[in-house]
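Heads up: the structure comes next, in structure tokens.
Each chain gets a letter, A, B, C and D, in the order it is written, and its residues are counted from 1.
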Amino acid sequence: MNRLLAMVLGILPCVAGAEAPYSEEIMTLQQARDLIEGCERYATAQDLPALSMAIYDAAGNLKLFVRQDGTTVATADFAHSKGRTAAITALTTSDLAEIEYADSTQPLGIPHLGALTIVQGGVPVPSVSGQHLGGFGVSGAPAADDEACGRAGIEHMQGAKRE
Amino acid sequence: MNRLLAMVLGILPCVAGAEAPYSEEIMTLQQARDLIEGCERYATAQDLPALSMAIYDAAGNLKLFVRQDGTTVATADFAHSKGRTAAITALTTSDLAEIEYADSTQPLGIPHLGALTIVQGGVPVPSVSGQHLGGFGVSGAPAADDEACGRAGIEHMQGAKRE
Amino acid sequence: MNRLLAMVLGILPCVAGAEAPYSEEIMTLQQARDLIEGCERYATAQDLPALSMAIYDAAGNLKLFVRQDGTTVATADFAHSKGRTAAITALTTSDLAEIEYADSTQPLGIPHLGALTIVQGGVPVPSVSGQHLGGFGVSGAPAADDEACGRAGIEHMQGAKRE
Amino acid sequence: MNRLLAMVLGILPCVAGAEAPYSEEIMTLQQARDLIEGCERYATAQDLPALSMAIYDAAGNLKLFVRQDGTTVATADFAHSKGRTAAITALTTSDLAEIEYADSTQPLGIPHLGALTIVQGGVPVPSVSGQHLGGFGVSGAPAADDEACGRAGIEHMQGAKRE
């Protein structure tokens, strides 16, 4: 199980020894807004309860946060935690749950490692070209729907054409 | 005085409305090591006491940290705080001190804003092309020497030729 | 000076002893988005640098947060601090600065009170009917412009007609 | 199982009652750099993904930290947690996992004890003469490789001849 955890934590491109200026693709505010829009459309279509939505960039800093009317304060905390976890691990929080309980009798203790959560509803956000841009955390609906909302956001973001 | 503070906090290029993939220059480990090397050479030449040195990237995440033998534990805390402050404000910590006391009878309270410090010895790190790469915090010597060490590191980094 | 502080901190309607069901007007997501839109339009018209904008409801909980592309991480911290301060005091952060230094020889120490800041750029948000809805914090431009942005947002929110 | 835990936690030499000036062997910066170098060589030879590496002294204070280019932010958190755990327990984090689950029906709850982790990849660092110098935490590769990297660092450090 440790292999699975480590494998995914290390998938970003290695640029050790770079001599020239080095750049990485960064999430834009427009992309973050597209993520929210896609999630909101999905939530409306599926008639989901009110949501909190938090988008973190790959460095773990908050980029965009939206708390819909009528949701509890705890959903905000959950959305933050899910979004940041997906951002800094490049994993879905449900992948982390699987890693945590790969041996169901011997959990690893990932939820105790600082700010990480294994509650479903956080998804990493890849750019169209596959770069890791950050994480999108959703809370307020049943957790599987939270995750589906996040994925709907990513699909909308990647498909968005702007002229 | 508020004008000065705000002016500098906002100098990074505005890319609002970006449609295409957007990239930013990121500090490399080699650049961080060059910063340390330049600082260490300066400290040796000036016969400074033992130092702690902390380099944060522009997102506020630790990239490289070195605590020399014989320094107190507090210098490590100071170096972290100075380096992170310079990284996330793109200002020297002594610039922040000037902003804090622009009106000496009415300090702004910057040191109380979370992790920010106005103790001299933190410098922002620009790339050769002028991009903001992060912050370099030094502690252990008199504060003016801490800052001089940081600047010596930047000079060394920018001049480093690698083949 | 304490009287001044108390006066302003006490203007919210007292409802102790209410027998009937009691409601408070609560900031909606639409209002929060109008705040952002008004601020962004002002910033574009004035050609301000990239901003972070944070809106807290009167309970002190984050409702909406937006970090524009290209601003430093520190502006996010400032926007949060300014917005939350205005939300939980129902004062502008520059009013708080005035209170702090009403007697310039005896500052009150407001910036030491946990999360409160006296740095200009946080404004309380009243509804059209004068209810206190929360606080709007802006950071990234000169602080007077940050506050002007916040006020532009409130004006836009209050004038918005939605059918 | 508690006996096992106590046994390993108690192996450090007891010096209570010493009358003469008392010294402890302390990890040097050179040793810490040798640890990193040995780990980096191993990682290159094994073609491992980018790593975060954290070295803590036996007092639990950070001595040296290196985040290679292209690794996720979470690997930094893991490296810190693994390194500090090994430093302050004088155990590998995988030994701690074994202790945690010695009776698999009654886990001890070590991951709930503040900053301790049982995720593989943290190793205690002994000097050539067997003194406990601190802990070395590695993250980014499969966890077994993280630990192998740490051990390669120790081997390199202990074998390093400096004239």
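What we mean here is this: a contact is a pair of C-beta atoms (placed from the backbone, for glycine too) under 8 Å apart; a residue touches a chain by one contact, two chains touch by 3 or more.
Everything numeric here is computed off the predicted structure, so don't read it as measured data.
Colleague: From the C-alpha centre of chain B to that of chain D, how far is it in Å?
Modeller: A distance of 29 Å separates the two centres.
Colleague: From the C-alpha centre of chain B to that of chain C, how far is it in Å?
Modeller: 30
Colleague: Which positions in chain D touch two or more other chains at once?
Modeller: 68-69, 73
Colleague: Looking at which chains touch, is this a line, ring, star, complete or other?
Modeller: other
Colleague: If two chains touch, include that pair; go through all of them.
Modeller: Every pair of chains in contact is listed here: A-B, A-C, A-D, B-C, B-D.
Colleague: Note which residues of chain B are touching chain A in the complex, please.
Modeller: 15-19, 21-26, 28-30, 57, 59-61, 127-129, 131, 162
Colleague: Considering only the defined contacts, which chain B positions touch chain D in the complex?
Modeller: By the definition above, chain B touches chain D via 26, 28-29, 61-69, 73, 76.
Colleague: Mind listing the chain C positions that touch chain B in their complex?
Modeller: Residues in contact with chain B: 48-51, 68-75, 77-78, 81, 97, 100-101, 104, 107, 110-112, 117-121, 139-146.
Colleague: In the complex, go through chain B and note every residue touching chain C.
Modeller: Residues 2-7, 9-16, 18, 22, 58-60, 85, 87-90, 105-110, 112-114, 116, 132.
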